[in-house]
Structure formats: structure tokens, C-alpha cells
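Below, each structure is written out as C-alpha cells.
You will see subunit A twice below: alongside subunit B first, and alongside subunit C after that.
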Partner chain A sequence: MSKIWAIAVNTVRQAMRMRIAVIFIAMLLILLPVMGLTATGDGTLKGRLQTFVSYGLSLTSLLLCLLTIIVATYTITSDIEHRQIYTVATKPIRRYQFLLGKLVGVIVLDAALVTLFAGIVYAVVVFLPGFHDVSNDTLRQIDNEFFTARASLSPPAPDVREEVQTLYDQLEKTGQLREAYPTLPPEGILKELTLRKQLEKRAAGVGEGLMWEFEKIRPLDPNQSLFIRFKYDVAAEPTNGQVYARWQIGDLRQFRYGMNFKTPIWPEDRADPVRTFREIEVPAQVIADDGYLAVGFLNVPLNDTTVIFPLEDGLELLYKADTFTANFIRGVLLILFRLIFLACLGVLAASFLSFPVAILFCLMIFFTGTISGFVLESFEFLSASVSEVYSYTIGALVRLLPRFDKYNPTSFLVPGRLIAWSFLAQVALFMVCIKGLLLLVLALIIFSFRELARIIV
Partner chain B sequence: MLVCLSLAGGLLYTAGTQLDYINTQRQTMGLVVNEPVENLPPSLAFATVAMGAFRGLVVDILWMRADKLKEEGQFFDARQLAEWITTLQPRFPAVWEFQAWNMAYNISVAIPASQPEQRWRWVKNGYELLRDKGIPTNPKAVQLYRELARIFQHKLGGVSDDVHKYYKLQLAEAIGLLLGSEDNGLPADDNAFYEALIGTPSEWAQIVADPNVAPFIRALQEVGEPFTSEQPFVQNYLALRRNASRFPQAASDVVDRFRGTAALKRFDLFAKSYELRNTWKLEPARMHQVSQEYGPIDFADPNVHFPMDWRHPDAHAIYWAIKGLSVAKEKNDAETERYQTNTQRIVAHSLQNLFRYGKLIILSRPAEALDPDSPAAKSTSPAIPKDVFLSPDLRIFNSYHKAVLAIIAGYEDDRTTKESLENGHRNMLKNAVLSFYQAGLRGEALKIFNQLRKRYPLREFNVSLEEFALKRWREELSGFGIDDAREQIVMLLSEGYYLYAVRDDEAAAGREQLAQQAYDFYNTTNEPEFRIDLPPMPVLRYVALGQFLNSGAYPPHIRQGLLNRIQIEKPELYKQMEQTEAQLQQMQEQQGTR
Partner chain C sequence: MDYAVETISLTKVFSDWWGRAKVYAVDDLNLQIRHNEVFGLLGPNGSGKTTTIKMLLGLLHPTKGHALLLGGDGTDPKINTRIGFLPEESYLYRFLNARETLDFYGRLFGLAPKVRKMRIEALLEMVGLKAVASRPIGTYSKGMARRIGLAQALINDPDLLILDEPTTGLDPIGTRQIKDLILKLAERGKTILLCSHLLADVEDVCDRIAILYGGRVQAEGQVRELLQQNGKRQIVTSAVSETAVERIGRILEEEHAEWEITSPMEKLETFFINTVVEAQQQARPTSGAVSTTQIGDFLMAEKSQASILDKLVSAPVLQDQPAGAPRTESITPVETHAPQPDRDLLSKLTRAATPSETEHVAPVKPSAVDVPESRDTGQVNKSVLDALTGKTAPPTTEKPHERPKDGEVGHE
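For the complex of A and B:
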């Protein structure tokens, strides 16, 4: 272990002597505070904080990723190209110890740098509101919507299997199945019918209501707010683009036993635009003692159209489940996992490629992982046959890589969403323990058999 | 190696065969800008060339981010992204158009109506992006003028947004300060004010060089900050005239010393024209021209046009649409023609809007009108200190009529467009006949009715003016969706009281007359289905007044103001009301004792 650590320490020293590392570190040291002062966002304090966290953490992550790739590949390839490895190879150090030492060095450096820069971002974010003369309402809004870690609960998709099967059989019996779906295979038809039935359960005609029930809600602070985030779709476009509604939120089971409510029921009449996310703020006291909460929606006659809540993101319940600080730390850990993976990748690339080729290889993997979501999503817009070809070739390759865009901490921290420990563990497992480790094992195998005396171009 | 080379060669060849098709598509989609880039700010010029081939890639990434954030309902970054995208693609008008529309329409409505100031910021961001950056960068892009006009007309001037009155108030308050010059005795509704603006120098250097004005400028500059340099000087002068308490006393002393002098008179006009030109991008000469062509007329002499009310969003819509049309005249391609038709429609619709809601009445809300326990009073966010009321401006009709006839004349060869324009025109004429008739301007109503009969010789118009008005009015009443005649009359009277309260006496008299006609019609009609026993008119008046005074739809100070006005200006009506109240109370007591 001491041998690995000795190489790791040496790697950190070597990295700190690299001009590029100094430039990256200097850039971050200058840019982060400047961004804190200049980020304006939409002009509100909340917008400034969101913009700063978004760009500050993204910039930190990007530059540290690039730095990790450069350091991880350079530190090994330069030792080989400058033949310094000969002096190490003659010492009682095994090749795997050499590689592991290099890797540990890069990870230690990453951990130190990410802590430093994330600390700067955190300090700016926490102290920024103090420099602004804003109302208590604004501060409360920022506390509720930004300095928070809100867990999200979505109503489960309704179980419509029986209804779908009945409908399917009925259509088949009456010979309408092939007429309605001439090109779809039976599985496709069932999928279509399921979607249709599920949407029916999420639609309310004029004068009709919908109710969603949630259980086991445990907000961190019952004196704070919870939020109902929703988005409307409509059967016919309202003339002013607005949907009028009456909401009732609370333990609606209490209605069964008269009007003496133990916990309050929150009624709200409101008008909201279609196809736009909106949030209803509700005091967390409306949650029943057993963690039950129901959300009732009434499509009032003013609307003159059926209102639909899209299946994927039509409605969700948000409540404070942890503090901003703890969430921020988990966000930083997400960045660190990404860096560890890239360090493993850099070590692998350097184990059999020369520096420029290794860098290009790593950058290609990194950028593909960064836009993997867009790439996979873009297949949906191609024709069925082309999409199938792509999804089994490029798509399969992309899926093997880590989804950096999916595990982007800013997409959680900016809207104040909780990064759950379970999510973090999942990322650690797949990105570091499986993919990273595989790369490392591959690197160790390749490096063990590599002829060091021959320079590979 | 051989395989790789063959593969590379094959791919290169395939790519080469696609090049012609791609280039044709680029031309078709208007993605190729062959016109030389002129007058671009250095930052834009640099950004468009510095990134070379990577510019497109960066723009793509920014678009993707903007679209993703919009999908997620996150708008904190939208303005910054719009700025970057437009910086990188400054000569692609669709980019400006989309970003402005996105801010004014999508982002603004994503903010709850309870935060009107936040919503307004996005609407303003939208129109300012086009007006201050998009159009100066693409002065020949007609669609940008059309989009700007549309935002003014539909978003600010329309009534579909929950907080449209807040937008109207903000616009009116912001530009209202620049309209009219007290020092020169020129009010905003006097053409002489705009003629005076046209005659003032447009550049700071010119006004500084004016020996009559220079002493005033020097005196103010001697006060020191904030009167040291050009742009802040003008803006600070205007702010000083609005609210002197925010500036050193010495600055107010300078203004007082020069009060009534030619120096202050000239500088005041210069400051206003400078601000209109530079901040609002409104040329006084064009404003005057628009007023002379589309402004409200003087009924005494229809050839005389009063200035437009530039506090009204539709006036701005007409200005920008007209400016766009003048650009379209210079260009002559199919795409411009399409935008031209839409832009002309904006002019026609804006004139229609001005006819319906052209009178903008802003009333200050007294402090006591705000209930101290109300959420608005407890909130620390800015509340609306004033109320905006809109009422019809019949003086616009002639301008509308003339403008639409000219537009229709341009589409003699295009039957579909002509028919669609004529349908709108015919409906407007039908409404105008009723509006003028109800306002007591029978002569004007008859003139319009004759024009209607002449241009659209349909059977429904082969009746007398009175019959036509009555029929139209019945249609209007049925459109209310209320079957009860009593409710219809009370509603009309109540609306009349509201108009009287906001001092639109002409319109109030129209409603009163309409209510009386409705009453007479239901009482005297020979058609049994319409014959209804109604209470006496004074009782209905009393009920309507009570309804108005107890209605939460009107601010308390407006309701109290009406009562005071009736008491002072119409004591006989007030007395009559008191008598009616006493009679009704007596009747109720009698009924109670039985």
C-alpha cells in the first residue's frame, strides 16, 4: 500500500507541476467568484442563485473532467515516453501497483480540487442573499424553492390491464381491431390501448374531478411548505389559453366523518396556462399524522373542455426531505464519481495508447457520455427501420457508457430537487464499481503484458 | 489499412453527393445570408466570425439547453440564452422572432398572475429584444416588425392575459412622462407637441451647441453627479422633473431658476424627443405621421386628426406595423408579401381595438382603498397603486374605415384574402352603427349605415337605421346569455354608473339610453314573447346603483367616488334615490307586518 501511496503522492506532485493544471485551477479560482458577481439570470435573486449554481458547478465539472483526462493520461504516457518508467520498473514495484498509484494520485487530486471549488460555489451561494436587499417574501420563496432538497412523489400509473384486455377482446370479436390498427402487431395494439385507458384515468371532463392519494409522506419540517407541481393538457384549446380549476389538498378522508377536520384542508381556486409547469404551495400541516395526503382536482364549468394530466409529468408532489447543504454534498459526490470514472478511463487509454491518441479517445468517450441522452432521444425522430438499426449499433454503444447528462447534479440542485442516497449509491455502483472497475481491470491486464521498452505511436 | 482507406474514400464520396442537396435546402430555408453584415456592433461581429465553423455547434447546444429548460419549466436562464443565441446568429430573423415570442408569451405565463411585476418583466424583455436589438440588426426583416407589433397588440393590448391591465398601466406610466410638455404649454393630445418634437435637435451635440440652451445644461452640470454625461443627463433630467426629492436640492433650484425661459422649454422638448428616439425607438416625425393618418378624428371636422394616445399598446402596434410595411415596400419577394398581409391585418385589428377600448383612463388608488388585512397590503411585493380602465373611442372609426378600405383595395386580385378582410370590415361596420347610435350620434350612425348598405348590399340591411339598430341590439342582448330582461337592464345601468364613475360621461349616457330603450322595448313591444312586466325605471336605477356599489368587481374608491359625484353633480337624482330607498323600505316593512 505504501508503494501505491508513494506513486500517488508523486503523481499529485507531477500534476501540480503541469502548466495546464495550473491554468485550469487559476481559471476556476478567477471565474467562479466573477460568475458569482455577474450571473444575473432572470434578474431575481432566485434566478441569480440558480444561474450561478448551474454554470458554476457545470464549469467546475467540465474543467475538472478535462483536467482528469489530461493528468491521468499524461502521467502514465509521459513516464513511458520519457523513459522515466524504467527507473520505476527496476524498483520492487509491481506494474499493477504503478497503475493503481497513478489512479489513486489522480483521484486524490480530484477530490481535493472538487472540494475546493465546490466549497467556493457553496460559499458564494450561501452568502449571496446577504448582499441583496430583498423582502422576507422573496427570502421565504428562495428557502422553499432553492435552499431545499425536495423529494418527489408521482402518482403510480393506474392499473388498466383488465380493462385493456376486455376492450381488446371486444374489438377483436367485432372485427374492429384490424380496422382501427391495421399495421400494429398485437403487442403494439395492447400498448396503444393501455396508453389510451391510462390517459382516460388522468382526464376530467367539465364538472368532473380527479383525486390522487399519496402515502408515507414525511416532510423534514412540518412547518414548511409542500408543492403540487402539475401541467395541464386539454382536449380543446381554451380561448385565453387558461384552465380554471378548484383544488383541494389534504386528508380528504376526513370528509367521510363530517366537517370537523383534525388536519386542515387546503382549497385553492386558480387559473393556469395549458402545457406549462405550475406549482401550488401548500402548508405541510395538511399531511395527516399517518403520512397520508390526497390531492383533488375539479374541472370547473368555466373551462368548456376536458383537462388531461400527462402520464409522465402531469402531476407530482414535492416536499422538503433534506437540507440544501446535504443535497449539495451529494451533488458534489456525483461530480467526483464522474471524475473517478474518467480517471479509470484515462489510465486504461494510457495503458496502451500514446498521449495524443489517448486524449482523443477519452474526450470522445466523455463527450459522447455527456450528450448520450440527446443521442438516444434523437433516434425516436427517425423512421422506425433506421431507428432500429441505430439503437442496436450506436445506441448499444452509447448505453454502455455512463450517462453523464442524466447524472448531472445541477439538474437537481437548480430546481431544489433531492438527490437521494439510493440514487447516489446506484450511480456509484454502476459508474464507479462496475464500469470504472472494469476499465481498471482491463488497464491492469493490458499494462501487465505491455512491452515497456518499445515506444508505441 | 486498405479497408480504412476504402471506407474513408467511400464516405467522402457519399458526403460529396449530398452537398448539392444540402446547399439547396439551406437556400430554401433561408439559412444562407449573402447580404453583407453592416453596422453590426463589434461584439456581434466578433462572435459571428471568431468561432468559425464551431459557431453552429455552439448555437445548437444553446438551443438544446434553452429547449430543455423550457420543457422542464425552468426559465432562470432563458434571457441569457436568448442573448447568446441571438449574438451568435444575429442575421437570422427567425431566431429573434422565436426568442422574443418565447419570453413574452411562454415564459411570462409560466409565472403566476399573483406576481404581475415578474410577468411584466418577461413581456418587456420580449418586446425589448426585438425593438432594441433584433430590428436594428435586421432592419429589413419585415417579420420582426410584425412580431413586435403583434406583441404590443395582442399581448399588451389584448385582454386574454390575466394581468393585461398591469401591462397597460406599466406601459402607460413609462411613456406617459414623455408625452406633453408643461413648460411649453403643449399637452399630449395636441398635434403642436409632436410638431415641436420634430423641430428639436436629435443629437446631444446639437443641443449642447445651442447658445440658448447651453446655460441651462451648464448650470445643471455644475450640480455634479448625476448630471455629468449625455445619456444619464437626459434620463436624470426627466427623473428630476418627475420626482425632485430623489435629487440634490441644487438641481431643483436650477430648474426653478430657468422656469419659463426658452432654455428650459427647448431642453424639455429635446429631452422628451431624445428619450422617445433612443429608448423607445419612436421617431417623432413618424409618430406624427401615424397620428395624422390613423389618429382619432375631430367630429366637428373629420379631416382633423388628433394625436394617437401613445400610452395605449395598440398605438405602438400600429407604429411598428407601419414601419414594417414601409420596409416591405422596398423589398419585393414572396416571403415579404406574406408578412405584409399579416402586418396589414395588425394595423386593422389595432384600429378595431382602439375603437373598442381606445380610451385609457388611469385613476390613482387612494391609500385607504387597500384593506389593511388583505394579502396585497401585507405583501412586500410592489402593488398596483393605480387602476386602468378602458372604454371605446368612437373617434377612431373613420381612420379604421379608411385604412381597411385601402388594404382591401390592394387585394382585388386575391379573392380569398379580400373576402376575409371584407367579412371583418362588414362586422365592424355593423357594430359601429350600433355603437354610434347608442352614443346618441345618430348622424354618424346613419352615415356608417349607408356606407354599409352601399358596400355590402345584403337584404338584412334593407331596413331603417332604427330597425337595424334595434335588431343588432337584440342580438347583442341575446349574446349576454341572460334571459331575464330585468337583469339585462340593471346590468346596462350598472355599467353606465361605472362609466360615469370613471368620468367617461359620453359612454355612460349611451348605456343609460340603451337601458331606457330596453325598458321601453320590453314594456311596449307587440311581440308577446318579449312583453314583460317590469318595475318602474327609478326602482331599476336604484337596484343597479346598489348592485354597482356592492360589487366587488370595482375598487371601493371608484364606487365611493360615484356616490360623491351623484350627490354633488346630480342632487335631484340623489334625492330621487333616497326617496326610492324610503319607498322600498316602507314596502318591505308593510310586507313584513302582513
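For the complex of A and C:
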């Protein structure tokens, strides 16, 4: 262990004294405060904060990712290229200890730098409101929507399999199936029908209502607010673009049994524009003791159209589940996991490639990882025609790609969304423990068996 | 028999991209180096010396055959613990300074902090880099880099020392020091594999040599046996009168022997050292490594102190008998003079060098220079060892030590 540590310390020294890290540090030290002053967003304080957090963390993440790739590959390839490896590998140290030492060194450097720069971003964000003369309402809004870590609960997609199957059989029997969907294969028709049925469940005609039930809601503080975030879609455009609705939020089971109300029911009548996200603020006291909450919606007869809640983001329940600070730390950990993965990748590349090639290899994986959603989708599309070949070759490799875009901390911190510990653990498991470790093991095997000396005759 | 280094049909073929054999860098090499032997591996450039060493140390995989170091595999950490290696160039981290470098390598050996610190100081003193120990190695001259490279090879007090071209880039004084050091280490029971194409170096220190060419051993044996001209005799006298020479001539003619009389030439090495001594006595400033060369002190001081190094190496140490002199004499039978004068000069040089050291380093980097220490190297060296071995003398005692006399520097 002490040998691994000796290599690690040497790696950090190398990164600092060879001025690789210094350039990146200098860039961030200049850019971050400047950004704090210049990032304005939509002009409001909230927009300013969101823009700064988004740009600050993204920039920190991007530069540290590049730094990690460069340091991890440089420190190993340079030792081989400049042959310091001759004097190191002939000391009583195993090759795996050498590689692990390099990896630990890079990770230690990353951890230190990510802490430093995230600290700067955090400090700017926390002190920024102090420099602005804003009303208490604005501050309250920022507290509710930015300086928070709101958990989000979406109602699960309704189970409509049985109905879909019945409908399908019926259509087939009556010969309408071919008529309605002349080009689609059976799976495609089922998918289409499922979507239709599910939307039906999220639609309310005039005078009709909808109800969603949520369980296991654990707000941080009983005196805080809950938020119902929703977006209307309509069958026919209302004349003034507004939808009128009556909402009932609380433990609606209490109606059913006619008992005395233990927790209050929050009623709200409101008019909202269509296709726009709106939030209803509700005191957290409405949550039942067992964490149950129901949200009822009534399409009041003032309207003359069916109201639909889009499947993806039509309705969700938001509540403050943790503090901004804790959430911010978890966001930074997400960045650190990404860096650890890249460090493993760099070590692997350096174990068998020379410096420029190793860097290119890592950058390619890195940038593919940042658009992994797109890449995966494209390959899924491709797989429709070459499924067998695909799933055993490219498919397997594509699944090994890191999902940097999916695990992007700013997409959580900007809207004040909770990064749950379970989510973090999942990322740690997949990105670090499985993919990272796989890369590392591969690197150790290659490095242990390769010839370290160059052939000179 | 148990050898310190043994290769069995060691072969290295370098193939091209298609796997076709291109070059036989080492071809069926069978070497046996006994314990406590100074073995010279000679050969022109590209004869396979360095490739052999790389295979010994596991940096290259042999195409065929085996290499054994101290009875084990060269990649086994247990074996590596007992090996010191100086590659053909000092491949060290340019961004570390000398002290950090030695500390780094010491840590790789898992040396206890106390031992590490003691050895680092003693080695820095020995290679004459103490005054520049806090400068990054990237700023060192080739000779200085060589010295620190040698120091890292000795940090673990190795049983087997593998030196690849140890004297390249060194000035004649440095070369002489390294040769002396090799002899001292041999005296302490170490095995040394010296790889070089500088024949004078090898001739001066090696017991046995092998000459490689095209990856194969062309000649192997005792240096003395290989070089001795059995058909000739040589008599060395002090300056005698012409009549005495004539009388000797007559005796030789009676024997029908061919003979000639000349005055022995001074070795260029001796002449060079002489010249530098004179320059140093005039206190000419210089830059670079210090020619202090308490090269032996690292070993000598410990010898008298029963140090940790001695405990580590259980081999018996010859007392008071400078092995260097007789050895050199015995392996150069055709030389027209005994090498003692060099050593006297070296001792003088060692002393003369010390004052100039402070003068030349100070202008370069005043803050880094440790003037009191460098003025009396013997003192510091001893006190570091004292501190380590539990003697009371504090490392920075004010009491001025007497500088060692000629004899104590270690040659006669």
C-alpha cells in the first residue's frame, strides 16, 4: 500500500510540476469568478443562479474531464516513453501496484480539484443573492425553486395491457385492424394502441375528473410546501387559451370512509394556460401520516374541451426532500464518478497505446459518452434490422459506454431536483464499480504482460 | 552451483510486424556470474548488452531461455529488493529534485523513514550533490544526472548491482570515483555486473569479462588471463644510472632476450587529475557537481560503525586493506607504473575540492547552499550515521572536526 501511495504522490507531483494541471487550474480560477459576474440568464436572480450553476459546473466538469484524460494517459505513457519505468519497474513493486498508484494519484488530484472548484461555484451561488436588492417574495421563490432539493414523483403509467389486448382482438375479428394500420407490424400496432389507451386514462372530458395517488412521501420538514407541477394539453383549443380547473389535494381516502378529517384537504380553483408548466403550492400538512397523498383534478364545465395530461411530463409531485447543500455535494460526487471512470479509461488506454493515440481514444469515448442517449437510440434503431449480429457485437460495446448525459448534475441542480442517494449509488455501481473496474482489470492484465522496454538493437 | 546471475540459452529475437524474425539481439547466451564478482559485459554498440540486462530485469521477455538473478526471477519483488540498477542513461523524473528522487525510490523499497533519511543524506554526500539536492533533476548536467542515478541504484544497499554504462557523461574524476566505488562494493561482498564499452573502466575494475558481439559471447574469462602476455616480462625500477642499465642489458643479451628501455608514460587520467588539482588550488570557480568525493565514506564510515548497512549485508569486510590498489595493480600487468599516485592525487583532490565547492555553488542558488555542511563533509556524514546508530553526536554539531588525513580518505 505504501508503494502504491508513493507512486500516487509522485503522479500528483508530476501533474502539478509539469504544469499540465496548472493550466487547467488557472483557467478555472479565472473563468469561474468572471462567469459569476457575467452570467445573467433571463435577467432574474433565479435565472442568474441557474445559469451560473449550470455553466460553472459544466465548465468545471468538462475541464477536469479533459485534465483527467490527459494526466492519466500522460503519466503512464511518459514513464514508458522517457523510460523512468526502467528504474521504477526494477524496484520491488508489482506492475499492478504501479498502475494502481497512478490511478490513485489521478483520483486524488481530481478529488482535490473538484472540491476546490465546486467550492468556488458553491460560494458564488450562496453569496450571489446577497449582492442583489430583491424582494422577499423573490427570495422565497428562489428558496423554493432553486435552493432546494426537490424529490419528484410521477404517477406510474397505467396498466392497460388487458384492455389493449381486448381491443386488438376485437379489431382483428372485425377486420378493422388492417384498415386502420395497413403498414405496421403487430408489435407496432400494440404499441400504438397502448399509447392510445394510456392517454385515455390521462384525459378528462368536461365535467369529468382524474385522480392520482402517491405513496411514501417523506418531506424534509412538515411545515414546508409541496408543489404539483403540471402541463395541460387539450383536444380543442379553448377560446381564451385558458383551462379552468378545480383541484383537491390531500388524503382523499378520508372522503370515502366518512371519517373525521385528520389531515386537511387543499382545494384550489384556478385557470392556467395550455401547454405551459405551472405549479400549485400546497402545505405539506396535507400528506397523510403514512405518506399517502392523492391529487384530484376536475375539468369544470366552464371549459368546452377535453383536458389531457401528457404521459411524460403532464403531472408530477415535487417536495423538498433535502437541502441544497447536500444535493450540491451529491452533484459534485456525480462529477467525481465521471472523473474516476475517465481515469480508469485513461489508464487502460495508456497501458497499450502511446500518448497521442491514447488521448484520442479517450476523447472519442468521452464525447460519445456525452451524447450516449443519442448513440444508444441510433443503435437501437439499427438493431431493428440486424438484431442478432447487433446485440452480440456493437450492442454489447455500446452498453459499455458511459452515460455522461444521463448523469449530468446540472440537469438536477438547475431545476432544484433531488439527486437521491439511491440514484447516486446506482451511478457509482454502474459507472465506477462495473464499467470502471472492468477497464482497470483489463489495463492491469495488459500492463502486466507487456514488455516495458523499447526494442533497441 | 548457485550463481548471482545466470542465463540459460537466453535468446531475444526482434520480429517485424508480421512476426518474421528480423534481428537476433541476443543469441543463445549462457552467462554465469558468481557471487562477489565484478563481471564486465563488453561489446560494441548494438551487441546485445543492454538487451541482456533488460531481459534479466524483466523489462523484455526472452524469446527463448531463462535468466536468473540471485537464484530467482528478475520480476519478483523479493529479488528486486536485493538489486540495484543503473540504466544506460539516468532515466529519472525531471520534476523531482535529488532528495525527492531518492526518497521516492526509497519508498518503493519500503524503507523505514529513519533508514531512508540516513541513506539519502549519506548517498547525496557520496555523489557530491548535497549542495544542489533541492534543484530539479531536469536542470542537472549529464554527469550530475549520472551521479544521482547511481545513488538511486544504491538506496537499497543491493547485493547485486547492475550498472549499464555507469561512467558515460562523467568527467575523469567522476569516472575514477565510480571505479573506486565499484571496488569498494566488491570488497563488501557485492556482486557487480558492469556493462560498458569503455574498455579502460572495465579493465580497471573487473574480475571477469565476457565480450559480446552479435548477441553471442565471443570471449570470456579472467581479465588477467585474457590480457597477460606470457611471452614478456617487465621490470620497473626507480631512475637508475646508465651504467646499471648497460649491465642489465648485457645480462639480457646473454639470455638472448629482446629488450628495450623507456621512461614510463604518465597515465592521462593522472595527468588530468593533477591539472584539475592545481586549478582548484588556485580557487577557480566552476559549476556543476562537486568533486568532493567522499565516494568511499558512504561505505567506509559505516564499516567502522557497524551500521544498518552492515547488518543488511553479512558478507565479511576486509579491514584497512584498500582492495582497490592491489587489484588494479594485479590486473594491469603490462602497465609501466603502479596506480598509487592516482590515488594520492585523488585524495588531494578530494580535499582541495571542498573549499571551492562553496564558492561555485553560492552564486548559482545562494539559498540552497548549505555552507557549513559542505565545508566539512566528513563531519556531516559521520553525524548522520551517528544519529542513526544511536550515538549521541547531534547532526549539526558546532565542533570542528579534523579533516581526514590522506590515509584516512582511504587508499594508502
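The rule is simple: the second predicted complex is superposed on the first by the 417 of 457 C-alpha atoms of A that agree within 3 Å, B and C clash if a C-alpha of one lies under 4 Å from a C-alpha of the other, contacts with A are read in each partner's own complex, and residues count from 1 in each chain.
The rule we apply is simple: a residue touches a chain if its C-beta (ideal position, glycine included) is under 8 Å from a C-beta of that chain, and two chains touch if they have at least 3 such contacts.
Keep in mind that this is a model prediction, so the values were computed, not measured.
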Message: Using the superposition on subunit A, tell me whether subunit B and subunit C clash or fit.
response: fit
Message: In the overlaid three-chain picture, which partner chain does A:401 touch, first (subunit B) or second (subunit C), both, or neither?
response: neither
Task: Have a look at where A:66 lands relative to subunit B and subunit C in the superposition and call it first, second, both or neither.
output: neither
- request: Please indicate which partner A:242 is in contact with in the superposed arrangement: first for subunit B, second for subunit C, both, or neither.
  value: first
- request: Figure out whether A:311 sits in contact with subunit B (first) or subunit C (second), or with both, or with neither.
  value: neither
Task: Identify the partner contact of A:86: answer first if only subunit B is touched, second if only subunit C is, both if each is, neither if none is.
output: second
Field: Superposed arrangement, angle subtended at the Cα centre of subunit A by subunit B and subunit C, nearest 10 degrees
entry: 130
Task: In the overlay, answer first, second, both or neither for which of subunit B and subunit C A:357 touches.
output: neither
Message: I'd like to know which partner A:135 touches here: subunit B for first, subunit C for second, both or neither.
response: first
Message: With the superposition applied, I'd like the minimum CA-CA separation between subunit B and subunit C in Å.
response: 12
Field: Set intersection of subunit A contacts, subunit C complex versus subunit B complex
entry: none
Task: Within their complex, state which residues of subunit A touch subunit C.
output: 2-3, 5-7, 10, 13-14, 17-18, 82-94, 451-453, 455-457
- prompt: For subunit B, which residues count as touching subunit A in their complex?
  reply: 64, 72-80, 106, 109-110, 112-113, 118, 121-122, 160-162, 379-381
Query: Inside the complex, what are the residues of subunit C that reach subunit A?
result: 14, 23, 25, 46, 48, 50-51, 54, 57-61, 74, 77-78, 80-81, 83, 85, 87, 89, 91-93, 95-96, 100, 104-105, 107-110, 136, 149, 152, 156
Statement: subunit B partner, complex, touching residues on subunit A are 40-44, 46-47, 50-51, 54, 135-138, 231, 239-242, 271-273, 276-278, 374, 411, 414-415
